[in-house]
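Handing you this structure, nothing more for now.
Letters A, B, C and D mark the chains in the order given here, with residues in each chain numbered from 1 onward.
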Amino acid sequence: MKNILLTGFEPFGGETVNPSWELAQALHGEVIAESHVVAVQLPCVFGEALRRLDEALRLVGPSLVLAVGQAGGRCDLSLERVAINVDDARIPDNAGAQPVDEPIAADGPAAYFSTLPIKAMVAGLRDAGYPASVSQTAGTFVCNHVFYGLQHRLRGTGIRSGFMHIPYLPAQAARHPGAPSLPLPTLVAATRLALTLGATVEEIRVGGGQLD
Amino acid sequence: MKNILLTGFEPFGGETVNPSWELAQALHGEVIAESHVVAVQLPCVFGEALRRLDEALRLVGPSLVLAVGQAGGRCDLSLERVAINVDDARIPDNAGAQPVDEPIAADGPAAYFSTLPIKAMVAGLRDAGYPASVSQTAGTFVCNHVFYGLQHRLRGTGIRSGFMHIPYLPAQAARHPGAPSLPLPTLVAATRLALTLGATVEEIRVGGGQLD
Amino acid sequence: MKNILLTGFEPFGGETVNPSWELAQALHGEVIAESHVVAVQLPCVFGEALRRLDEALRLVGPSLVLAVGQAGGRCDLSLERVAINVDDARIPDNAGAQPVDEPIAADGPAAYFSTLPIKAMVAGLRDAGYPASVSQTAGTFVCNHVFYGLQHRLRGTGIRSGFMHIPYLPAQAARHPGAPSLPLPTLVAATRLALTLGATVEEIRVGGGQLD
Amino acid sequence: MKNILLTGFEPFGGETVNPSWELAQALHGEVIAESHVVAVQLPCVFGEALRRLDEALRLVGPSLVLAVGQAGGRCDLSLERVAINVDDARIPDNAGAQPVDEPIAADGPAAYFSTLPIKAMVAGLRDAGYPASVSQTAGTFVCNHVFYGLQHRLRGTGIRSGFMHIPYLPAQAARHPGAPSLPLPTLVAATRLALTLGATVEEIRVGGGQLD
């Protein structure tokens, strides 16, 4: 049977929980699109997160990889379009490092696009009643770092891979007035569908861009 | 046994569902704080909504009233502080009326404050992990109309009453990219707690204001 | 000749300048709508601001009063619709006081509406190319405190009075990434027009409300 | 004497003016950093905009290129970090074309970074009191199209080039309630400084990233 690698992050930025790891754990062991879901936690640490990712790729041998990260302030499941080759940390990572304008791969291209069918995933999620959108930036912190590193490692392999940002959990938003949130059951159900779509559908040509 | 009147609205503004009525229905018949919860749907129609409210107040004889309305674009449970004596409709109501700068009660004061313990309710909701806040404006559409009319009718009675705005459901937000949402189970559980707090706790003095 | 009283505030909240006082000073001494503009600075201090306002009202004997305040984060000239009878300070005022849920006038009504022709002012400002809108809340800090106190003092006199919030200056926004701003010349020209309109036009019935 | 090429766009999206062209015209003919500023208008048309850019690059032979575009809804001067190799138009361009997920250069890399000292430019603009920031996405419309095409043409030449987004003018924002704006004199002065910095300073390592 094939494997799906689903990564989430440990908490960061003063939080005690990270919804990306909560949902990854919840889906660990499920069979989705005839594949075993294997959840792996990544540290919120530049460099170390990619070493852990390397290990997971080697052990799991996935046919599909979805990395998930928390985006405090966003309101929906954001399928990231592009990863850029730069670390620019607004806050220190969990090991205290705060790189500024350093390349992730010294010899890598400026960017990689997601190889997931993100337009089809957004369309399918919305049809099923889950708020979702295409995002044009994954930021420049550890999320983008992992997304870029993932696409760099899997370039040319034909293995679909990409990144999805998710909102806070309600209990986190309760301490961040003004921030949107979605509870874990919603995130889990929506991610289950996102993985099904990611593993089975072809990409479609529908708008998902932004003016500026 | 005492009764709690919980009102929700019918859908408006092109929506096919209104989360306020969904949650009111879900709590109808429950016993909260030793009171029966009676849910009543109000039309999204200036004037007619208050006639329906009059009827409900007469039939239910409540010891507590919470009116709930949908606030597309908000992210949390917003306990409204103040209702103002003006209708100013940006869109037509469900009967096609669009009043501009007309008083709700010709002889009424400019505003009424909520008589619910809104600061204590927000604090209790947040403690339980539900995003909540005090709001300084309920707008000038049918929600504020009902809130003002409610406070006008119950002035001087000692019956606690007020208004709470809630976000879209996820399925609504799926068609309004950029809008926050919360699913029905979260809204129902949070409103159950809000009613318990509203019926039982004393108001507290904690900040809930805004600079401008 | 008649007098227009134009008040601005001293800086607060860590700022070294307050655009409301900058623009009031700039218009001080001008003749607008056949009236002398008299600018008076108010302290950002609960209570003391109203004592200074009392003094100014007595000395100036205005036929029109416009109080102006900074609203960091807003993008346009906001004509406030309503002042509410509550102080609820999210930060301390310039004297260190931080009242929570205290009435401004113990014997006053819950709110006063602006007596300026705010809809006509917004329409005129927009026609002239200045971004402007009606706002349904002036917050619960010293701005609302002064607005409420002003309307309370002038109730029943027939003297038009009200409150306008304005954005940061660009140099302030340069230290608050994400905050809109307008430069002083734009604010001064727009306020000159706002005063002209406030002194000369009749109110009109056009929409300026919000759904929630 | 050296030349600076400064491009602006024609109006689009229902606007009758484009602030980027207004400011480019205003600076046309000035000498900045010992270089002539040559302003060229680009059509808001996929493909045709790059043909016009090719022509301008050939005629002007610039030592520095700054392309500027309107970003309705943004509040400051946004120095774009990265251009991505995709057209995904949410609205039709001025010739009616609306490409979805098409590469800009079939043989080009996924992205190019700006070769302007964007961190130093943002720092210098803020020091001078102009609101400015680094942006991680230039969108997927004609602005990004021109930005990518520009960097593709000038790759390896050592000629500094990049893209800056600017807000609406106040008269535009007057018809888009809720949108920030800056007047032309502010935009012109800030862009003059941006060009001076772009032509003369070395890049610096200061944070300008975002978490997600």
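Structure notes:
Simple rule for what comes next: contacts are C-beta pairs under 8 Å (C-beta built on N, C-alpha and C of every residue); 3 or more make two chains touch, one makes a residue touch a chain.
Since the structure is predicted, the reported quantities are computational estimates derived from the model, not experimental observations.
Shared contact partners of chain A and chain B are absent. Taking the mean Cα position of each chain as its centre, A sits at the greatest distance from chain C. Between the CA-based centres of chain C and chain D the separation comes to 37 Å, rounded to the whole angstrom. One inter-chain figure worth recording: chain B and chain D are separated by 46 Å, centre to centre, where each centre is the mean of the chain's CA atoms. If each chain is reduced to the centroid of its CA atoms, chain B and chain C end up 30 Å from each other.
For chain B, the set of residues that touch two or more other chains is empty. Taken as a contact graph, the chains are arranged in a single closed ring, with each chain touching exactly two others. Annotation, chain-chain contacts: A-B, A-D, B-C, C-D (touch as defined at the top). Chain B contributes residues 13, 69-74, 81-82, 84, 86-91, 98, 100-101, 109-113, 119, 136-141, 143, 165, 205-212 to its touches with chain C in the complex.
Taken in their complex, chain B has these residues touching chain A: 75-76, 125-133, 167, 170-171, 173-175, 177-183, 185-186.
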